[in-house]
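One chain, chain A, links the two complexes that follow: it is found with chain B in the first and with chain C in the second.
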Partner chain A sequence: MTSHANLDAYENNYNSFQRGIVMAKFNGTTGTLRFTESTDLSIPVLSILNSEGELRKGARSPVIDKDTALKIYRAMTYIRVLDERMISAQRQGRLSFYLTCAGEEAAVVGSIAGFTDRDMVMAQYREQAALRYRGFTSEQFMNQLLSNDLDLGKGRQMPVHYGSRALNYMTISSPLATQIPQAAGYAYGQKLSGNDACTVCYFGDGAASEGDFHAGLNMAAVLNCPVVFVVRNNGYAISTPSSEQFAGDGIAPRGIGYGIKTIRVDGNDILAVYAAGVAARKLAVDTSAPVMIETMSYRLGAHSTSDDPTSYRNAEEEQLWAEKDPILRMRKWLFGKGWWSDQQDHQLITNYKKEILDALKSQEKRSAPSLNGLITDVYQTPPQHLQQQYAELQQHIDKYPDHYLANPDKTNGTYQSASVQLP
Partner chain B sequence: MAQINLLQAVNSALDTAMDTDDRVICLGEDIGKFGGVFRATSDLQDKYGKARCFNTPITEQGIVGFSIGLAAQGSVPVAEIQFADYIFPAFDQIVNEAAKFRYRSGDQFNCGGLTIRAPYGGGISGGLYHSQSPEAYFCHTPGLKVVIPSTAYQAKGLLLAAIRDPDPVIFFEPKAIYRAEVGEVPETDYVLPLGVAEVMTKGSDITLVGWGAQMHQLHRAAKMAAKDGISCEVIDLRTLLPWDVDTVAQSVEKTGRLIISHEAPRTGGFAGEVSATIQECCFLSLEAPILRITGMDTPFPLVFEKEYMPDYLKVYEAIKASVNF
Partner chain C sequence: MKTDFILPDIGEGIIECEVIEWKVKEGDLIKEDQIVVDVSTDKAIVEIPSMHSGRVTKLYYGAGDIAKVHSPLYAIDINDVQTSEPVSEETKPDLKLELVKQQPIAKDPLDNTKVLTTPAVRKLARQNDLDLSKISGSGKRGRVLKEDVLRHLDKPLAPIGPTLVAVVQDRREPIVGVRKIMARHLSDSVSSIPHFTFVDEIDVTELIKLRASLKVRYGNDDFKITLMPLLMKALSLSLLAFPIINSRVDSDFSELTYLASHNIGMAVDGKTGLLVPNVKDVQQRSIVEIAQEIGRLTGAARSGIISPADLKGGTLTVSNIGAIGGISAAPIINKPEVAIVALGKIQGLPRFDSNGQLVERQIMTVSWSGDHRVIDGATIARFNNHWKAYLETPDTMMANMI
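The block that comes next holds the complex of A and B.
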């Protein structure tokens, strides 16, 4: 409507808008020729805790009880321990691949804590902390990472592609941003069903460059979908710094551009993220409208175990952000509240290390999923041609049993021999 | 001549292309200073500057659309899609735009300078989104050329030919053998013709046709069959669109038997096209049904990748079945 061919038409249209005949949102006219710049829109960063874990002057803490605070802290700590253990396990050749949440634990756990367990989570791949917050067990993490017979995804996806129907956590897909328009649609369905639930959709600043991001945000806004988009602005997309990813002021202005209520928060400040999460969920459900939260943080680790960030960023930068560690900051706040102690902290970490290593040891002994998982779930029922292909495969395997299923290192064997690694 | 691997040959081709033609521009995700996730573009930014070798935002449709515009303007873009599995957001730009650019304008405009590179295929435990072989989708699109090398020597010569070809080319690189495939590659500038197959091994009893990483399985199966006294003629198509019917037909006229093999699922796969064409032109020479040894009609698996793959043992069994028909 703004791409009118001539000014007369514009004036006529504008007069129509004024009379309320055509729906449009204009803020009036001006006689001054001036281009609006991206810097004209200034979006502040909500920050509640300072680096010492104290309330900033003038900042209002969200209402949060001790149980919730400790549940959040435990989930964040658990994921940090899990990530460290799994990186080692990958280096030992026990896993093919891993990808950490390090540095973004508060952004993920703080936001998910603002939602109910009924709300659907549609995440990217770096949000395992949300899954833990919902109750995913160490055994369940291991089952997926090791592709064993108990993996809920039946050993079909690379490590960290979790999913749980029971926990309302949609199975992860590797292609970036595909979940964003899907989240809008899922939320629209939730609204129609009237089940007082919404969808929370996570993605990174790099994924926000994909076409699906734009399609999803626009549809969510136009169709009034109760979906909360949580964009983790963590500075890097594999090796590409955000300065080469976008020229504007982060992702938040795009939300506003699509007509979505948007907030930007310090992603390493658990109280700021939690406050935004609670408020965003309420807004989304009460007003049936999308909301966007941009968490400003930093990917402390490599993109994945196949990546080496030393070739594209410096140690000083990493150190700067390591000092802003969200877990450390929350711990200081908990100490200040008298809700947590050093001793409890040591005990928690010790317990988690043991729990995770025990789970790794027990779950890696399990067998691979059943071979017929090759053809199940492609369709609800395997069609005739798949059944035939499977029968032919079985006959072939029978001729060469040592070559196929007898491989003792079934789940990991092929990774070790691969001459290239995945990013 | 230097012994280099397939990945280094790709890098050498890009280096040669950029060195010999200022209009050549490399773009894609993480391809700048980092040199790409597989390092195919290593050192190119240092050598030719950020304006000619740069990172893009993560948007495949953007990368291809942008490259079409560049090509239409007269540049020679070489766009990298990080994985062939991620080419689909660009499907519209490739199928509706790049492939029809010249035709719809009555040859007033074209984007012939465009080359799209993408690593494809399984064998690295990548599961369903880091293993696919999507060549058949693009072979169904008039206006495109589709090229897949299987050796380091081919990779350099074919990529240079693709970059200099007057039509848009999709160049799929067999990532499973990026480093394992090593051979002599001239440091000098050379091209191999597009649309021409290569007879890799001469034989008389049966013809084996494939491309890319699958050639290794065919060679291995042919060696096994040789011990049984079966002589296999092994043909690498190298270009799938347009493909070299004459070379395959001449071979089948001689052997009377044909097996085509690819990693992609069977139904709608390119083996079907080869099979149909050869039975049309060689019907009276055929001694046995043409066989396809392919991936199954399922998404690409993870734990059962080895079972899914159309490996040399499956090809070997098919050779015996064909010969004993």
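The block that comes next holds the complex of A and C.
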């Protein structure tokens, strides 16, 4: 209150045209010359479960019922199995590309569980666990990954660029960080329409170096947009370690710098993330303001199937984080609660493996999406130049039928690219 | 059902992988998802699991070979499953983090996979049988850089005793670039083409006289008229009479193509290794034009800056090994061509003339290698006689020039 009172007094000394000058909040004057350092701001990490899955001393567990806890756990486990299956499938040439969520399942599922299904999700690409939590099926995952005729994106995107209108999950966009200003804008729209919903926006520590991050956060703060930014800080922007990415204390101080209420949590602690998610959603909707959650975690797998992390991080470090596996920690907590057993766990994993493999085998037999999906859905009627290009494409395919499998006869769920003869 | 596993593009636009290690042998029964092989792309070392259960019937490559993307990697007989254990439900119902290879941190000797470095450096280490964990990395967080490996390779071996300090040492260097391509290309040629060799001597006394007079009239600072353009033009005229020497066969030996262009290549001992640029369409060029083109190609090849177009599309090759020394050779065919000729050094030797008098003549030995699937000894002998006639009486060339 003091600072606001001071600010009011300060501002009252300016007439209206001087107000246009950029002003900082006024915290009084000092006669001592001293620069403020980044370490002057100390942001603690919320941690509720210890590594054995027990409540820490003095920590308060969020209210969570058994059904919610098991729904969270199932989504996390499902994604771990999916990731493992899909890496294999990519190596076998059944899909062209894949990105895992492994290691960050608690950060993603714990946070999304704090929101309602009406809230919009604008994710980066490593958050398929949030989509699963909302009910995306194995068939739907496969349809997208294999680009078949049932893919909701009509085969126009790379694997992992999921989207679902029914589940309020905005389609992933490859360019990094574009979802951040979009989330601010979408949340502003939600506020204007007064529909008691907010937007949850996921991104990584690397995306926080993009210009869009700064524009988006500032816009959200200035316009009081009900958006919750969930920053997954996993220590690496692909291969660039945090130490080479930023000099400050992670991402959280930047939220505070823009005037956004911010919390930092142990991203491998499901209860800490869930507690932060529930509270952040309430803050965002009740006060119509942006909130930021920084989840401290680690990417256990490679950046993508094209990456080899052994070229930039060592075995000791990976081992250290493997022992902090968020799924193992939640499992121990569930065991402690008496809500889950070893046998149920084995059964669940076995069932998921079968479910995913069955879906892969059935959906990869489907045909490719219709070719004309290439030019539809952007303009109400495709303009002349697109129609002309489409006609030329058809001629090209007719001319080289061996290099393109015609839609209905297509096998394996993908267009097999012609083998390129190089000298 | 036997089926080939086709090596997919596992790294966004790669064209080949190096086979690091087979985890199975031919004849092994394997299960769906079992790791079959480790391969290395330019970007990563990856494990390839099997899509099917069955018996491995063929491994198309050996460890260390380069496997082509979109071509068969191994063959599996899917029906041949008689394992005693059930194959589907199986293995590891626990999630024990299969994504992260939980290898013991204590390092296996020669297990280079967990040392902090890049795939390119790992490859270099493999090629030189180096244990990367024994090399101290100078990069960030102890990362082993390419320079560290090269420095290690250059480092003299530790002296065994004080008296042995100055002993000679073996030097290792990686086989890369033109040298590697040349090695692969020549091995392929020798292993797939049945070569035969044919040697004859040609009296080039008259040709040398002609060359001397052309040199005075047409040569300048930019290019010299050597014997080579004359030899090439004569070859081209002979090819008109023996088109089979200027042909090529396809890879499965089902079709022979008689090539219209006489693109005659010449082996050049360039800075980076053996290169074979070729003079395009010799049949349409004058001797002076051929000489100019040879001058250009030789300069480019020696400097190491030569356009790929100059190296492609050759139809017959001439090796002028005799310029360095030697009288005969058994040259290796520049596949997919069907013949190659090596020129020996020109020597002044005693020969009998038509009157039985001993005279000094300029003699050059020529050594042909031919693809015996396409041409036989008689064809080469007749072709060589034709060429030889032009070279021994070069004025006859004029009568046949187009």
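The rule is simple: the second predicted complex is superposed on the first by the 371 of 423 C-alpha atoms of A that agree within 3 Å, B and C clash if a C-alpha of one lies under 4 Å from a C-alpha of the other, contacts with A are read in each partner's own complex, and residues count from 1 in each chain.
Convention: a residue touches a chain if its C-beta (ideal position, glycine included) is under 8 Å from a C-beta of that chain, and two chains touch if they have at least 3 such contacts.
Not measured: the values here are computed from a predicted model.
In the superposition on chain A, A:L393 makes contact with chain B only, while chain C stays out of contact range. In the superposed model, A:I327 makes contact with chain C only, not with chain B. In the superposed model, A:I349 lies in contact with chain C only, and not with chain B.
In the superposed model, A:Y312 lies in contact with both chain B and chain C.
Contact with chain C, but none with chain B, is seen for A:A302 once the two complexes are overlaid on the shared chain. In the superposition on chain A, contact of A:T240 is made with chain B only, not with chain C. Legend: residue contacts after superposition of the two complexes on their common chain; A:S96 is shown touching both chain B and chain C. Applying the stated contact rule after C-alpha superposition, one finds that A:R80 touches chain C and leaves chain B untouched. The interface of chain A with chain B overlaps its interface with chain C at residues 96, 306, 311-312, 419-420, 422-423. Remark: chain B residues 29-30, 32-34, 37-38, 54-55, 57-62, 82, 85-86, 88-89, 123-130, 175-180, 266-267, 296-299, 301-308, 313-314, 317 touch chain A in the complex. Here chain C touches chain A in the complex through residues 5-12, 15, 33, 43-51, 69-71, 88-89, 93-95, 97-100, 102-103, 105, 113-119, 141-143, 308, 312, going by the rule given at the top.
Every residue of chain A that touches chain B in the complex is listed here, in rising order: 96, 147, 155-158, 161, 173-176, 206-207, 209-212, 237-240, 244-246, 306, 311-312, 368-369, 371, 373-375, 378, 385-386, 389-390, 393, 396-397, 399-400, 403-405, 407, 410-411, 414-415, 418-423. Contact residues on chain A toward chain C in their complex (touch as defined above): 77, 80-81, 83-84, 87-88, 90-94, 96-97, 100, 102, 300-302, 305-308, 310-316, 318-319, 322, 325, 327, 345-346, 349-350, 354, 417, 419-420, 422-423.
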